[in-house]
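Sharing a structure here in structure tokens format.
Chain lettering (A, B and C) follows the sequence in which the chains are written, and residue indices restart at 1 in each chain.
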Amino acid sequence: MNNSLMILKNIGLISEMFFGMSLIYLILFGSVLSTHKKYPIIQKTILNLSILVLFLYILLNLNNNLSVTGNLLFNFTIIDDYLSFFSKILITSFCLICLLVIKKYIKDQKVNQFEYLIIIMISILGFFLLCSSNDLITAYLAIELQSLAFYIMAAFKKDSFFSVEAGLKYFILGSFSSALLLFGFSLIYGLTGTLNLTDLKDLFFFLYPGIDFTTDTSFNTELLQIALFFILTSLLFKLSVAPLHIWSPDVYENSPTSSTIFFAVISKLSILVFISRIFQFSFHGLIYNWRYFVLLVAVLSVIVGSFTAISQKKLKSLLTYSSISHIGYILISFSAGTFEGIQNLLAYLFIYMLAGLCVWSIFLVLRLKKFYLKKQNKDLTDMSLLIKMNSALAICFTIVLFSIAGFPPLVGFFTKMNIFLTSMESSMYFAAIAAILASVVSTFYYIRVIKILYFEEVIVGNLYYPLSYIEPFIVTSTFFCFMFFFIDPTYLYIISYKIGLLFYFF
Amino acid sequence: MLKFMVFIDNILFILLSIPLLGSLLLLFIPSWDKNLLKYVGLVTTSLTFILSLFLWVFFDKSIGTFQFTGKLFWVPYLNLNFTVGIDGISMFFIILTTLLIFICLLSSWNSVNHNLKEYLIAFLVMEFFLIGVFSILDLLLFYVFFESVLIPMYLIIGVWGSRERKIRAGYFFFLYTLLGSVLMLLGIIYIYSKTGTTDYEILLTTLFSLKEQKLLWLAFFMSFATKVPMMPAHIWLPEAHVEAPTAGSVILAGVLLKLGTYGLIRFSLPLFPEASFFFTPLVYTIAVIGIIYTSFTAIRQTDFKRIIAYTSVAHMNLVIVGMFSFNCIGVEGALLQSLSHGFVASSLFLIIGIVYERHHTRMVKYYGGLAHVMPIYTIYFLFFTMANIGLPGTGSFIGEFLILTGSYYLNTTVTFFSATGMVLGGCYSLWLFNRISYGNLKTQYLTHFVDLNYREFIILFPLFLGTLIMGVYPSIFLEPMHMSVNLLLENMNI
Amino acid sequence: MYQFYFENLISFIFAGLLLLSALFMITSKSSVHSVLFLVLSFVCSSILLFLIECEFVSFLFLIIYVGAIAIFFLFVVMMLDVKISEAPNDYIQFFVFGFIFTFFFILLIMLVSSDTFTLNSYIKNVIHMDINYYSNWYYKIDYLSEVKSLGQVIYTFYVLQFLIAGFILLLAVIGSTSLTSTGVYIGSKNQTPFKQISRNLKNAINVF
């Protein structure tokens, strides 16, 4: 580990600097061009340029010389190891696909300001900084950058009451949780005098599970536990787990779907990476202080997500509640605190993001023909008899839904099974039984969607616009990646194994 | 010669891949060319059936361990491999499966008109899963295939079913079975976390403590009991049967019910012997209540299919009584009874399907005096009704006799009550047959009667022949089972 | 007990002024007076912070709280045009509940904090003081104020965080303009709600 501010041979964060500079160029270009004589609409141009910037970012990042232990840069506040590399590549590639998919949607919904894409790119920059932060202040700044961009993205459709309401709700509740986060950080600084994650790990290395606090009175951890609770509450709030989940169906439902695809698919990864870094890496010695809290929240959110979704009539709310229950499963394996816990967290997260991408892109590319022009939030019955209208899309949707439900021969089953394996190995039996029974309940509403697609009682289904060239390509390529992991899940395990080693290397 | 031996050694993989290749081939045939679709499906299933007969021919009756074994590496990280092998217990189930799917495709020749391609693909995929269930020797993959059977069956009941309550029946079927099975998944995960492997041949050599055995046995029992079906989780079966199309009912009664008993004998008995012995009183009680209660319920029904569905429940509970008797006679009787039930119940559903295709009603009160106008049909119906009761000369008698003899060793009260189930069986079966075949023709309801045509005769004939041979000379079926069943019972250490 | 030293007189004065202005802010009937008392309480807390040698935070208070947030409040008060507010008659019950709630919250934090921080026992025995107070003689010669030391660190070691903060401000500018302004398109026929609302009787109707 070498601390380098700026060594010309190894300039840290060069890909993020490139990203920031190209964003500024894009802003200049966009604002100069869009106020030109005829006020042209430059959405498509900026979108294509953003895709180019993301692609070049991947290329720059791939040429990173990664060492096994990771480099600490910028006065020990930025860490550059395999976990940050992996999560950045993942975020970039998924954002690329998301941007391709929302092209038609933006044009249809007449979101004509180019700033929308700039704000999306700035939020992606926030993700990158969060994934590679080794310091609490950097993490807070990155979380603020990303969240602020999300608030604006949620409120972007100015002529829709729903969108403005969603943005306002998200802004107020998100700022409140950021305030709680900052309070937790300040308590940690007050107690330990450092904000650096590696320093915190060094401070608490003598605390191991099983140490007897009654005889060893050198360090009193109660205020530290309160600090950890504040941080955990705030971060779980941003992840929308129960009982802090009430804002998410409103916000996800009412904001434009092109923003929701970013909220639902991509925002969870970086926050979970950061939570893993704080709790598994720095405060692993204090595991008995935060473990049961996370487990309780996780089981509660699985149960809430499964039961509440039964009564939903809109597809977006259904997908929101299903994502709440998925984050619950992830947190069950996270609370085990073992090596397999982190490994299964990453594997499940990857499959969840891939399946989410598939489902949301299918949701985006279907555009109804018969309603008044703007309504695109689909009820469940708007997809009746999709098997007749567009049978390839219906089959893709069915298979991905079966995998989200965790149903046997698909890859979602194996990742879910691994989560239960982790909880069994850590002897959390009741949590496993409760979660698995709730997963049976959740299977019901997935099957109901399949029933609507296949054998609804109507005579004809709804009419949709035909798809253009690029959209089926994206849907089928994500579907292919999905099936690939069923044929050979070894890649998933090996990559998550290598990342999990980082938390236990020192 | 060498190539032929290589072919025989890998026959299970070939058997598994032929239905998949057939369904892949079907994908490329356009859906308006119905004849070509049907012929391709027929050729595929008949090829599978003939190849499965090879299993019987080349089976070695003198050893009790697994034959035709093979291993495909899938996920070495999880120690999860595709191990296949059969012994005397599973061989006949595979042959039953392939025969019944062939008969199913033949029976739905004229009755399925819409979405024929997806129908055939669903059946072929289900055949793949079913052969997989009976031949896989890995616990987790067994569970995967066990559950995957639900998906095509749900689609078949939902899309090609016959009445308005089919969606509700589909939900019942799916969710009941799934709820029981997730507890089995937890048990498998527990086993995997303690032993590090789910390979069946390795697990046969592990010992679990009594407490672990009891909990794991209960978890596995939840799943198998719903599939058998035992009281009180039997409610899905009549619903599913009356809503499913004819071919769906045939495969449901013929093979899917056997999954539960196969799972019990393959996994519960050898892996958890002390717990099986501990829970035998519970199992016996539930099974006997099931036999008597469902037989009584069957007397009151007015729907033809529902009566046969309830008899299926009664017969499968009798199989459970035989299986938990822990001696060779009882277990072999249980296996033979499941085989013969596969033949008899499927043929009874086919018989129902024949008249349903003609008159589109299943209510018993509309039928009467069919012996006057459909004599060949009545002969088949009489034979299979007698087989259902357990008349000597049919396979069911051998099965029931062996079961009752075997369970007499263990517990005479249970034998007494199960035998009364046979009497009740005679009661409703004979009454059903009487009402439908004899008496006067009910011309105020139905006027136009056509006897069996050639295709329907052909689909009933193998089942007729099988039941007859099983009743007259059962050694053909019992001999391959001897060594495997003896090996299983000896290793149970009771 | 916290004893009365002469050095603490100024902090007593301004702390008392802070409490008074906060009390007047919530009990005054006119909203403009409330905002002005708010400004006063911010200024007092800024001076208190100055006294404990945190100059940077006191400047921050003045710039951010008075310069941005209190101005924001003034704008809202101006736009809503609320002159006198009527207090509800039973407002005492809110005080009771708020008091209990705050009391327990502060009690909890204080109980936990008092176990965590202990007094410097050396000072207690030698100089008879009850507070952790020590004087650093180097400060009399060579004092680096807080603003200077923060500047020396932020622009060198933590420059990346500084740039990220700059990005957040850029995002705020872009976001707020894109959310609120509809742009000026020459020749487009659209309504401006501001002009429509700001009509009043005097210049709307011409009576000859």
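We adopt the following convention: contacts are C-beta pairs under 8 Å (C-beta built on N, C-alpha and C of every residue); 3 or more make two chains touch, one makes a residue touch a chain.
Values in this document were obtained by computation on a predicted structure and should not be read as measured data.
The chains touching chain A as well as chain B do not exist; no chain touches both. With centres computed from Cα atoms alone, the innermost chain of the structure is A. We define each chain's centre as the mean of its Cα atoms; on that basis chain A and chain B are separated by 45 Å. Computed centre separation for the pair chain A/chain C is 34 angstrom, with centres defined by C-alpha atoms.
Here the CA centre of chain B is 76 Å from the CA centre of chain C. Against chain C, the residues of chain A that register as touching in their complex are 5, 13, 20, 27, 39, 74-75, 77-78, 113, 115-116, 118-119, 122, 125, 129, 137-138, 141-142, 144-145, 148-149, 151-152, 155-156, 158, 191, 220, 222-223, 226.
Listing the residues of chain A that touch chain B in their complex gives 402, 407-409, 413-414, 417, 420-421, 424-425, 432-433, 436-437, 439-440, 443-444, 447, 451, 454-455, 488-490, 493-494.
For chain C in complex with chain A, the residues that touch the partner chain are 112-113, 115-116, 157-161, 163-165, 167-168, 170-172, 174-175, 177-179, 182-183, 185.
Residue ranges on chain B touching chain A, taken from their complex, read 75-78, 140, 143-148, 151, 154-155, 158-159, 167, 170-171, 174-175, 178-179, 182-183, 185-186, 189-190, 192-193.
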